[in-house]
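Next come two complexes, and both contain subunit A; in the first it sits with subunit B, in the second with subunit C.
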Partner chain A sequence: MLLQVQNLQLSLKRAGKFISILDDVSFQVQKGETLGIVGESGCGKSMTALSIMRLLPDKAKLAGEVKVGSEVISKLSKKKLEKIRGNQISMIFQDPLTSLNPLHTVGKQIEEALILHTNLTKKERKDRVVELLKEVGLPRAEEMVKEYPHQLSGGMRQRIMIAIAMACRPQLLICDEPTTALDVTVQAQILELMNKLKQENDMGIIMITHDLGVVAEVCNRVMVMYAGKVVEEAEVNELFQRPRHPYTIGLLEAIPRVGERKRTLGSIPGTVPSPQNLPIGCRFADRCKDAMEICRQAQPKTLQLTDDHRVACWLYDERREDLKDDITRNQESKTTLSH
Partner chain B sequence: MFRRLVSSPLTVFGFLVVFILVITALFAPLIATHSPTEVNIVNKLQPPSQEHIFGTDEVGRDIFSRIVHGTRISLKIGFLVVILSFPVGTILGAIAGYFGGIVDQFIMRTTDIFLSFPGIILAMSIAAALGPSIENVLLALVIVWWPWYTRIVRSSVLAIKNAEFIESARALGANPFRILFKEILPNSIAPASIQASLDFGFVILAAAGLSFIGLGAQPPSPEWGAMLSSSREILREAWWAATFPGLAILFTVLGFNLLGDGLRDILDPKQR
Partner chain C sequence: MGAIRFIVKRLILMLPILLGITILTFFISNTIPGDPARLILGPKATPEGIERLREEMGLNDPIYVQYGKYMYGLVQGDFGKSTYSQQAVSEDLKRYFPATFELTLFSMFLTVLIGIPFGIISANKKDKIPDQITRFMALTGVAMPAFWLGIILLLFFYLKIGILPGGGRIDSWVSPPEAITGMYTIDSLLTGNWEALKSSLIHLILPGFTQAAVTIGMITRMTRSSMLEVLRSDYIRTAYAKGGSENRVLYGHALQNGMMPILTLMGMTFGHALGGSVLVESVFSWPGLGRYAVNAINYLDFPAVMGVTILIAVLFITVNLIIDILYHVIDPRLKYE
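Then we have the complex of A and B:
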């Protein structure tokens, strides 16, 4: 097991109050596997990634356990964590233009990772930088070392970001919407490059995206998040063929398909509940067309449907009838008490 | 960059003035026609002539030579005050902006204390308390000047500290000080350095002002403010004794200002 995340809880301070951003997020990534994390904006995908690296704002409260290999990194000091960042775990961000420092040359920025985490001499570092540039498929690597980010195109810049991330041969690569800012053909090349690097280095990838096309192309497993919770997780084909959670079904229906004319695209009515104002029951209940009474009253448990498919939804919970009675009884007793 | 500099005639003018000033200061003994301090009572209050092109003062010293030597004092003050207060202000501002919280509060409230008095009044009281001399004027001006850089740098640090490339440097495992000095400072120093280039002129003006009221350079010294001060009583008989040091101050401040403005246009990323 490469990465194991257990019961991640994150709250951030907004206007003096702690509000819950992530609630009980657990998942794992194997060597050589790509895990996709999908969901609408604000569902906590990026925050999950930043929580693993602990790149959070100062006033964040984080609980839960993050394990890389056999090492528990969620307990490490800041100093020790700096040794892991960019070395064992690397990250690629969404916008390759703003992720590069405009004042330093490309070569210098790749070298920075080597300065921070290796003892290579200056000469060795220079050679390694050129090697890395070639590895990520950039032509004229020798000249590019001396160029500045603004002289390069979006796709080239994202390749540079990948070169920086790969500089120390990380075991885990976290990509936060790496292709959102790129056009479709470049997007395909970048995804292909990442797949190639994954296979060559036997590393794990976490791919955060809202593009289900990207998921279908590169991911082995997919985790669907909604309002800070994991609602469904499955092997990629399983999820596309047998989605269980009404939210996942809604997401899949919202994808336009080539060759289809008549069908109106599905959309999910309503908006994501704000973290300041989360419902007591299932967080998706207000937008769900299958919502039942119980969905508004209690949070669904995560159910393991098969070995590689889990879902958090009352529709698949056999106990819902029994629980329903319990809840009504509870409410009755409460009302009698208040009389 | 050179082409941009040349394309603005005012910047070229400013550059020329500053260039001439620097040359004058470097080669003062060669350029001056007489000794700046030699008294010659017989020759006192001579109007400008072939022998004394800017005339002589109330004890017969050659005003041109005094102004030439005074360039050294003024440029030295301007240079030292900026060179000493700039790094102090810049580093404090960067720390305040980047770390925020209580550190920020402490540094910024300290600058507020300094900025709550008019600079020249504060400098006057410091110089007066330390005793009148050119070194104390220098110290007083450094104390008054650094908070400006702190404020400027802090605001530009705040503007870029949440940029994605800062985040990715953190993700790469760089520690906070490395991020501050390698990623943030180089990207936020331009506005403060433009202010610094404009400040050369203002520091020279402030130093001349302090010398004028007797808190800075003392009488035999050919400091421009002190020269102006001692020529007050003879203004009616000898216009030249006050006019030429005054013009020297005027052109120096103007030159540095025009150069600073030109630099701002060149360094401003929006105009690139």
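Then we have the complex of A and C:
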């Protein structure tokens, strides 16, 4: 097991109050595997990534355990964490223009990772930088070393970001919407490059995206998040063919398909609940066309449907009828207490 | 190539600015009520004597003729003769300017050394205790009048505990180093005169700090706001994601990106410090240009006033040119125009 995330809880301070951003997020990534994390903006997918790297804002409260190999990231000191970031775990961000330091040359920015994590001599580092640039498919690597980010195109910049991330041969690469800011043809090239690098280096990848097309292209497994919770996780074909959670089903219906001209695209009514005001029951209940009474009263448990498919939805919980009475009783006692 | 053309162009542009400054200063100082000749000869002067001296000094010529004569001398490097010290103004400037320049350089040095790290700490620990402390210190520094702070420092460090000297540039029993630049610290470094170096450095501490108090405060606040902006950037997150330590990210990535407004302010405060050192120089009996300039104004010593103004203007413009060049050194996206 490469990465193990268990019961991640994250709260951020906004306007003096802690609000819950991630609730009980657990998942795993194996070597040589790409896990996709999908969901609409604000569902916590980027925050999940930043929690693994511990790149959160100062006023964040993080609980739960993140384990990479045998190292428990969530308990490391600052110093040890710095040794791991950019070395065992790397990250690629959405906008390659703003993510690169505008005042440093491309070469310097790639070299920095090598300075931080290797004992290579200056000459060896120079050679390695050129090698990396070639590896990520950049032409005229020798000259590009001396260039600045603003002199390059978007696709080139994202390749530079990948070169930085790959500099120390990480075991785990986290990509936060790496192709969102790029145009379509460049997107495909970047995804292809990432697939190639994954196979060559046998690393694990977390691909955060809201684009199910990207998921289909590169992911082995997909995890769907909604309002800070994992609602469904499955092997990629399984998820596309047999989505279980009404939210996932809604997402898949919203993808346009070639050749189906007359079909109106599906959409999910309503909006995501704000993190300041989360419902006590299932967070999707208000937008769910299959919502039952129990959905609004209690949060669904995560159910393992098959070996590679889990879902958090009352529809698949056999106990829903039995539990109903218990839950209503609980609710009543709570309300009487608060009176 | 672009850089050299840029510098030459800017140097040529300096000429009309300087011309403007000479015109402005000349006409303003000559329209101030009062008669230099009368001031020189004193209260017992006869009207005939005054008239003779006015004629001698060329004060009876029309003002544009006076200006023309002055400029004719100036282009030949002649600043005229000071009516007060009875010496060539260029000699006076040579004597007083290095003291002021040394003090200004030292206070700028303190400003950068203290102000920038304070601002960075302040931004990095926003709204936490270190930020509150530096904010308090910065605001105090800006709010305290220099002469008052100077006197308080003197009272404490000189009179009360007596660990620092009470004024002047060097101890009376230490002979000043051989004059090369005229700045005692630098000359004693160049000649290897350690005794003079020590003495002159100790004498710089109080006036230097007094003069720097305001600028430290300003640079701290400017650095803080500029860094707050930069620290929110994506590339700062990238730098941390690479495994950079806090210091590496702050000083290796953030500071450079936040440097533009800090540099601009530094250029302005440098000029301000050069021209506005009168109060500090008076409190610490620092034999510098500020005191010379005040005397010159009091005695309507026009050549001296002109000399001081032109010198400070040239320096101010040069400093700002250097800062413009630094912008380009720091930011590769800027093009020399």
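As a working rule, the second predicted complex is superposed on the first by the 327 of 339 C-alpha atoms of A that agree within 3 Å, B and C clash if a C-alpha of one lies under 4 Å from a C-alpha of the other, contacts with A are read in each partner's own complex, and residues count from 1 in each chain.
By definition in this document, a residue touches a chain if its C-beta (ideal position, glycine included) is under 8 Å from a C-beta of that chain, and two chains touch if they have at least 3 such contacts.
Note that the structure is predicted; figures quoted are calculated from it, not measured.
Student: With everything superposed onto subunit A, say whether subunit B and subunit C fit together or clash.
Tutor: Aligned through their shared chain, the two binders clash on subunit A.
Student: Of the two partner chains, subunit B (first) and subunit C (second), which one does A:99 touch, if any: first, second, both, or neither?
Tutor: both
Student: One more residue to check, A:148. First (subunit B), second (subunit C), both or neither?
Tutor: second
Student: With the two complexes superposed on chain A, say which partner A:308 touches: subunit B (first), subunit C (second), both, or neither.
Tutor: So A:308 meets neither subunit B nor subunit C here.
Student: Could you tell me if A:85 is touching subunit B, subunit C, both of them or neither one (first, second, both, neither)?
Tutor: both
Student: Quick check for you: in the superposed arrangement, does A:235 touch first (subunit B), second (subunit C), both or neither?
Tutor: Neither partner.
Student: Need the overlap of the two footprints on subunit A, from subunit B and from subunit C, as residue ranges.
Tutor: The answer is residues 53, 55, 79, 82-87, 90-91, 93, 95, 98-103, 112-113, 116-117, 161, 164 of subunit A.
Student: Which residues of subunit C touch subunit A once you look at their complex with the stated criterion?
Tutor: The contact residues of subunit C facing subunit A are 233-235, 237-246, 248, 253, 256-257, 330-333.
Student: So in the complex, which bits of subunit A are touching subunit B?
Tutor: My answer: residues 53, 55, 58, 79, 82-87, 90-91, 93-95, 98-103, 112-113, 116-117, 161, 164.
Student: Could you list, by residue number, the parts of subunit A that touch subunit C in their complex?
Tutor: 53, 55, 78-79, 82-87, 90-91, 93, 95, 98-104, 112-113, 116-117, 148, 150, 161, 164
Student: Taking the complex as given, what residues does subunit B use to touch subunit A?
Tutor: 100-101, 163-165, 167-175, 178, 182-183, 186-187
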